[in-house]
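Look at the two complexes coming up: chain A is in both, with chain B in one and chain C in the other.
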Partner chain A sequence: MLTHLVFWGLAVVAVLAGVAVFVVNSMARASYSLALSFIAVGLQVLLLQQLYVGVLVILMMVMEMAIMAVYMNMFMGMNPAMMSMNMVHGARHALPVSVGVFLLLAAGALFAPWPSRRGSPPEDVTVALGTELMGPKMLTMGVVGVVMAATIVSGVVLAAHRTRYDRFGDDLRRRRVADPQPGGVGR
Partner chain B sequence: MTVRTVLLVAAALIAVGLYGALSQQVVVMVMMGLELMLNGLILAVAGLWWFCAPDPSGQVLLLVVLTAMTVEMAMGFAVATSLHRLRRSDLTDTAADLSG
Partner chain C sequence: MAEVPAAVSGGWAPVAAGLLGTLAVAAALFDGALAERAAGARLGTGRPVGEVARLLRQRRRTTVAADRLLWRIGGAGLLGMALMIVTVVPLGRWTLFDLAVGVVWVNALDVLAWAFVWLTGWGANSAYTMVGGYRFLAHGLAYELPLMFALVAPAVAASSLRVGEVAAAQQGLWFVVWMPVAFVVYCLGVVAIAVWGPFSPALGRDLAGGVTAELSGVDRLLFLAGRYALLAAGAAFAVPMFLGGGAGPLLPAWAWVLVKATVLLAVLVWLRRRVPALRPDVFMEVGWLVLLPAVLLQDLLVAVIVIGG
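Entry: the complex of A and B
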């Protein structure tokens, strides 16, 4: 009974905080609302006995929203706490589309003949996940690692102001470095 | 708490996120909408795992969803930074080079 109450409480918080992201009148509040929604979902995942993934969701999203707050302070060119949030386009279509999608998904969730549980959960879910990742699902772990590394490289290349490709050309073969302000000792 | 109620909450989160992703003009807000949709997806996968087939491979799928979320956010920030640097703007309407 207590689990049900906690679940529904967290569900209300998650959805209302999600709605608040697009309703509040400041980007800072929007990112904190999103963080709150993620924390509520992370706690629900904990209720579903996935301790590692639940804690990971909470920690990751709190850090991500902290980065987002810094990002807004750096780039938005205004006080992020005071920005008007009435910046939408096509809201007239977006609202009916999202309500329609909700009704469709809700109908599927409520009326589909969901199967009864197959098998039983492992005794220690986290150990089972680790064993799976380091054993039969090693390929997934390897691919995830490579994708993360590629993301770091692509993110830096996209976000950097000037890289060696700007200075030495796309094939890195330019003899004279293209710097806006020539440096060195004039040779 | 049943598989139906968990999926219902996940559907609500996905729908709210979809509204944001479709309607917002600021790139970061569009990203927030996408994040909210992935948030719903995490809950749906976690619920299906627990109520339908609680073997460890389902959790591996959850980790893949989390990875997709991280990649989306990191690349989104990088693209928004690049956009801001090139055009002094953070609106999706000014980044319509590939549309059509």
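Entry: the complex of A and C
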């Protein structure tokens, strides 16, 4: 009973904090409202006994929101005194669309014929969830993860303004790297 | 293999908080004594006591257009983080919160430092505090990943994310002996989340106090107490992760946990005056080109030993 109450309480917190993202008037508040929303969801996942997934949701989302707040504030040059930001753009069209999508999804969740439970939950629900989601494709998913990381690295390398020729000279023979930014490893 | 600690009722939470508070106060007194000695006094621990008394009756300073909500959350958050960390640290046979993923729990909490320190810098609406907040994040970009991978090593060696089982897995040989790189990087991470010693440029004197520049009264007291509490909680968490948990001769397990935590805490406090401050831009490269590969190699070594042995 208590678990149910906490679960529903967290659900309300998650939705309200999500709404707050579009109501508050600074990037810092918007980012951390979103973080609060995700923390509430992470705690709900914890209540579902998906301990690893739940804690990971909290970890990832807090870090992500910290980084987002920093970059948003940096690019927008914000400070707490400049509280005039509007998180909503094109509200006339966006509002009905988002309300409609919310109602559609909520209706789906409420009216779908959920199957009744067969058997009992397994010993380790996290392992069961992983096997259910990935099954025999676990190896493929692992490889895809590495490929994605490699893609990010190559993307950054290709997009970087300075190349190794700028750093090591045209014949790549320069011993001391010429970088505009001072670094910590011997230069 | 030693017995895995059992969870006690939540009614013991104040005791855990009290122990953490005692360690934090001891750390502050020790730091005060070191400061007195550096200033030339023979013996003295009065400095932190006087500072607490001063801050308790100091009137709050206000700044124009501060984001007060986020400012207060950031300032009080560090103390909350430390309290949440010690819930999963077993004290001998007892633990408050026997979470199956305790190691990840601590990892999720140490990430909160990013939010709290930066928010304290942001909330005051002052240029110096803001610059201090960004300095901390620049440090964070360099220390966070090595810290995460340092926590991976003991978990892999114990094949468990439960803190009690990690402690029980090192009965023969403490993890600090055969994964020293992970231990050093972990300690560096603890010092970093406490904005301590080499990571104090975020509170630098060249920034009029950086993140803390506009903090006054109780707010300042909470922030400073949070830093000491984080040092203490980090030292306490190192005991089950690297220092053999409650293992030791003569004394009972709980006493050994406290002794080890106190010794490590004293070393961390003492290091403050022995290690130079790390410039964020310089440390960025050290973190990515030295610490991260080193700790990844450590993880690989541990994994190979665990699979091979």
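Assume the second predicted complex is superposed on the first by the 121 of 187 C-alpha atoms of A that agree within 3 Å, B and C clash if a C-alpha of one lies under 4 Å from a C-alpha of the other, contacts with A are read in each partner's own complex, and residues count from 1 in each chain.
The rule is simple: a contact is a pair of C-beta atoms (placed from the backbone, for glycine too) under 8 Å apart; a residue touches a chain by one contact, two chains touch by 3 or more.
In this text the structure is predicted, and so the values were computed from the model without any measurement.
When the shared chain is aligned, chain C comes close enough to touch A:Val70, but chain B does not. In the superposed pair of complexes, A:Leu172 makes contact with neither chain B nor chain C. Contacts of A:Ser26 after superposition on the shared chain: chain C is touched, whereas chain B is not. With both structures placed on the common chain, the touch criterion links A:Leu2 to neither chain B nor chain C.
Of the two partners, chain B and chain C, it is B that touches more residues of chain A. Judged by the touch definition given at the top, the superposed model places A:Val153 against neither chain B nor chain C. By the touch criterion defined above, A:Val125 lies against chain B but remains apart from chain C after alignment on the C-alpha atoms of chain A. Shared-chain residue A:Ala35: touches chain C; no touch with chain B.
In the overlay built on the shared chain, the residue A:Leu56 is in contact with chain B and with chain C. Shared interface residues of chain A (contacting chain B in one complex, chain C in the other): 52, 56, 67. Touching chain B in their complex are the following residues of chain A: 3-4, 7-8, 11, 14-15, 18-19, 21-22, 27, 30-31, 34, 37-38, 41, 44-45, 47-50, 52-54, 56-57, 60, 64, 67-68, 71-72, 75-76, 85, 87-91, 93-95, 97-99, 101-102, 105-106, 108-110, 114-115, 117-122, 125, 128-129, 131-133, 136-137, 140, 144, 147-148, 151-152, 154-156, 158-159, 161.
Across the interface of their complex, chain A is touched by residues 1, 3-20, 22-26, 28-29, 32-33, 35-36, 39-40, 42-43, 46-47, 49-57, 59-60, 62-64, 66-67, 70-71, 73-75, 77-82, 84-85, 90-91, 93 of chain B.
By the touch criterion stated above, chain A contacts chain C in their complex at residues 26, 28-29, 32, 35, 51-52, 55-56, 58-59, 62-63, 65-67, 69-70, 73, 79-81, 83, 181-185. On the side of chain C, the complex with chain A involves touching residues 64-67, 69-70, 99-101, 104-105, 107-108, 111-112, 114-115, 118-119, 122-125, 130, 134, 137, 144, 161, 279, 281-286, 289-290.
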